[in-house]
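Two complexes come next, and they have one chain in common, chain A, joined by chain B in the first and chain C in the second.
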Partner chain A sequence: MVSIDYFIPALSMASLATSLAVIILLAEHFLMDYGEVELQVNDKTFKVKGGSTVLGTLKQEKIFLPSACGGRATCAYCKVKAVTGFGDILPTEAPLLTKEEVSQNIRLACQIKVKNNCAVTIPEELFSIKEFTARLDSVEYLTYDIKHFKFKLLSPSEIDFKAGQYVQFQSPPYGEVSESVYRAYSMSGRADARDVIELMVRLVPEGICTTYMFNHLKVGHEVSLTGPYGDFFLRDTDRKMVCIAGGSGMAPIRSILSGMTTGDIEKRRPVFLFGARARRDLFLLSEWAEFEAKHPGFRFIPALSGQEPGDDWSGETGRITDVIAKYVPDGRDFEAYLCGSPGMLNACVDVLRNLGVNEERIFYDKFG
Partner chain B sequence: MTSLVDRPVKSDPDIFETEHRLRQGNYMRGESRNLRNLLEDDLALVVSLDLQMDFIVTELERLYREGLRAYGDPIIVNGKYEVEVREDRGKTPCPWGDRFFAPKTVVSARNLENGTILKYSLLGLHMIKRHGFFQGAQSPFRIEPSLLKKFFDL
Partner chain C sequence: MQEVGAFVIFFASIFTSNILLTNFLGMCSYLSVSREIRTAWGLGIAVVFVMTITSVANYFVYYYMLVPLQLEYLEYIAFIIVIAALVQVVEMIIERTSDRLYASLGIFLPLITVNCAVLGAALFLIIRKYDFYQSLAYGAGSGIGWMLAIMALAGIRAKMARRSKVIPALEGPGIVLIVTGIIALGFIGFSGIVQIN
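And then the complex of A and B:
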């Protein structure tokens, strides 16, 4: 049997390297004064204190890039295009950048620092992202493992978003969790209800953020969110629509459909295919029934893949991928909006493509 | 002795930093042993149980792949195992700092012949495969070597 002792010399070297890195970081923090420098972001110029990361510096200027890992170079959401003023790709960035991104000077904002006059470009829509303080006004179980949270915005008091977009929820330290974490959740409410953010969240086993939301967050508590993010929203076309979701993936679809005008619904004839295993996984059935009654052009089609005793189900059965063809007879006419688990999404995209739906007209959240 | 369990220790010499990250992430819950001792103890356990870890990891990966085809529903694999794969959105970085991002996926499997139930995350599977790390005694996704032996009828 091989002893673990053999790696001790390497360990000593690594400890030395780590110690040197810490000394350099401390020296930089206490001894290096970069003074005031100019950071250009697209066509805007900010006078900022040098020395911090681009991510942190932009946050100070109220520009919120997506970030789920707290700046530890693990999520790779905070990509910016470096224009001038930054050095070579850092070892911490390299694994998270493709060759194409490297050739385009894409960098991780959480790793590169503002040390002199420099410039980056970011997608224009990120300027509209804000940090919100909100109060939990109500929470209810939709199923045994999905909850519906309704937050009242306090500051700023309104959000301007497109139905289908998501926010990042900050889970504070609690229990044995010593750090804040950020997780992305699609908004499920209407975009014209600007003072409220609604989320549908499924409990992730041992998930840091969902455990906080399910077990620690109470009505009246204040939370922090940033947003809106994402390019998953209704396209302004006349095409027929098929929406496909499972579980808490209903959230952005609900936001999109509930915000459509009666005229748009009659014109685009949306059908919403919702996959679940058993009846206990279905929710908001009466809400969708009312929506159908109000909009004859709309159909809500739940499908159960594995019924339980007593389910007494007369609707569609089978996996959602088995049901799509019945409602999308000719994919060339359709646009598709999907939200669900990565495996389900991939399978649905394959089915839709085979039915003739142009891949450029298949939309889904990319944050999976 | 398996070649599998040798790899990780060589690939991550900075064990103190790694242990700090593992403890922060709850991967060493309930462990009074340090990482080095935990790795040594589990390695000894694997050897004493005569577990061929390369075979076991391959089988666990196969059960995951088969289960994935059912999009969250239970599926019978080889007429012997009932497998259910739960996928949640997002990825978890490997706390060993190897830049591996595991999908948030949990596999629940039951040996239909002897009733043994095994639950593992893709991150947990990766940490066994690449780092020989089975997680702490009370970690929610620790894979107990003795359970593997029973699950696979070895």
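And then the complex of A and C:
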């Protein structure tokens, strides 16, 4: 017979662990349970379980706020107006809100939590954002690191968006990634093809979502998307147009240009400046050549900033910022549409401003 | 050591026997979270909080459970479990009571669980045979000392980021360790005031 002493260490450690677990459970029960609370959104009232962020709670109620960073307080897309029931501004929000926004009680929905009855105001158009189930129909390489994905919408089966807007793609848990994340991608297809969503995605090294899309997502798989989001779309004016993009930033520009009528193109004479490093970073050249042939008013100008040996290039060279002036002789006549990395965009906005383009006529879609 | 007053231990653990600068404990978060004064302050406050509470809790676990059962050799496991559990509870309390503090501490709170200074403080108060008040003073003092050290480093790093030209080979942890060594030398200046350990 084994002496009872033999079990004392194990028993005492187990009881220590158990009692601590009980303390945690009690704390959780008394501290974390907010019960059912009322969340008012504009003029609708929802009964929800308290304790989660406004962003997450609204998602449960099928209201989708834009969010590119997935709730990490970096993109600042999920701004809402807090009416009642929220405390002071949080340190995580402060860097992303302007003084004006703070004074109007604008908050980040991914940071503030629904803990008691509260009310927020969101732009009315966000109610029209839906969650879609879609099936991947085709995928092809555009360059060595950019892929073109075509999804067929299953339910709802049609999307109503303006060319230039974006959707949020949900990557489910896979491999060692245990959480599902949302990332924003601009739609690159025509807005009148309502049952199809096309995305151009550049592989981000170590990126959770792009790694999923490049290595795990296969034709026939079903995915979840929300949208449409964003205020990057064609403004209805008669001004001349300059579009500037780099890499997968071509997506919304392609959507915008391909949706314009022949008459509009002749009138607005768009020029599309596309910045790339080398020949191997260019894509869809034949499609743009066809588009040029069909619409004499349109020009597609790719520019290479770092040609590689054997590129055999006779087009524009240099950074895209060096090329702009040649095609925008007098900025006062122009409206600009930009999409690309923040660094490139900021540089382009500076150049356009110096060329006389009115800042209010520069529209851009920055990669988060 | 038992004849030293709790108040003396409190001050000594902040200045002359600073757990970070004399024992070099808690270095990982010290190196990685010292880029900005604001975050260093947040983590520092959390460490003070957790260290004080866990020192007291571990004191009771050791003297009222492990010693009577002659299980002193299990102190490491027991202390780690207690620290992990209490950090969880502290996290919940903060989440409930102060959104602001919770948001600024963010991921730092769970990180404290694996902060070796917290375990170190618990082990030292056993080795040095502190009584209850001495343990409380030592826990709080060590926490404040740790916060002082990380704040000092964060201030220096913030200034270095703007002014100094650090040679590439020493950028990051390299120069930080050198700076830490110099801060530690500076703290030796306090050693004439009080001495423990």
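Methods note: the second predicted complex is superposed on the first by the 275 of 368 C-alpha atoms of A that agree within 3 Å, B and C clash if a C-alpha of one lies under 4 Å from a C-alpha of the other, contacts with A are read in each partner's own complex, and residues count from 1 in each chain.
Note that in this section contacts are C-beta pairs under 8 Å (C-beta built on N, C-alpha and C of every residue); 3 or more make two chains touch, one makes a residue touch a chain.
Keep in mind that what you see is a predicted model, and the values were worked out from it rather than measured.
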Partner, of chain C and chain B, that touches more residues belonging to chain A: B
Chain B versus chain C as contact partner of A:178, first or second or both or neither: first
First (chain B), second (chain C), both or neither touched by A:111: second
First, second, both or neither for A:344, with chain B first and chain C second: first
Partner chain in contact with A:206 - chain B first, chain C second, else both or neither: first
Which superposed partner A:88 touches (first chain B, second chain C, both, neither): second
Partner chain in contact with A:246 - chain B first, chain C second, else both or neither: first
Where chain A meets both chain C and chain B, residue numbers: 13
Of chain A, residues touching chain B in the complex: 1-2, 4, 7, 10-11, 13-15, 18, 68-69, 72, 74-75, 95-96, 176-179, 183-184, 202, 204-207, 246, 275, 277, 305-306, 319-321, 341-344, 347, 365, 367-368
Of all residues in chain C, those that touch chain A in their complex: 38, 42, 61, 65-66, 69, 71, 74, 77-78, 81-82, 85, 88-89, 92-93, 95-96, 99-100, 103-104, 106
Chain B - residues contacting chain A, complex: 1, 6, 9-10, 13-17, 24, 26, 29, 36, 39-40, 43-44, 47, 68, 70-74, 85-91, 93, 99, 101, 103-104, 106, 140-141
Residues of chain A that touch chain C when the two form their complex: 8-9, 12-13, 16-17, 20-21, 23-24, 27-28, 31-32, 87-88, 90-93, 111-113
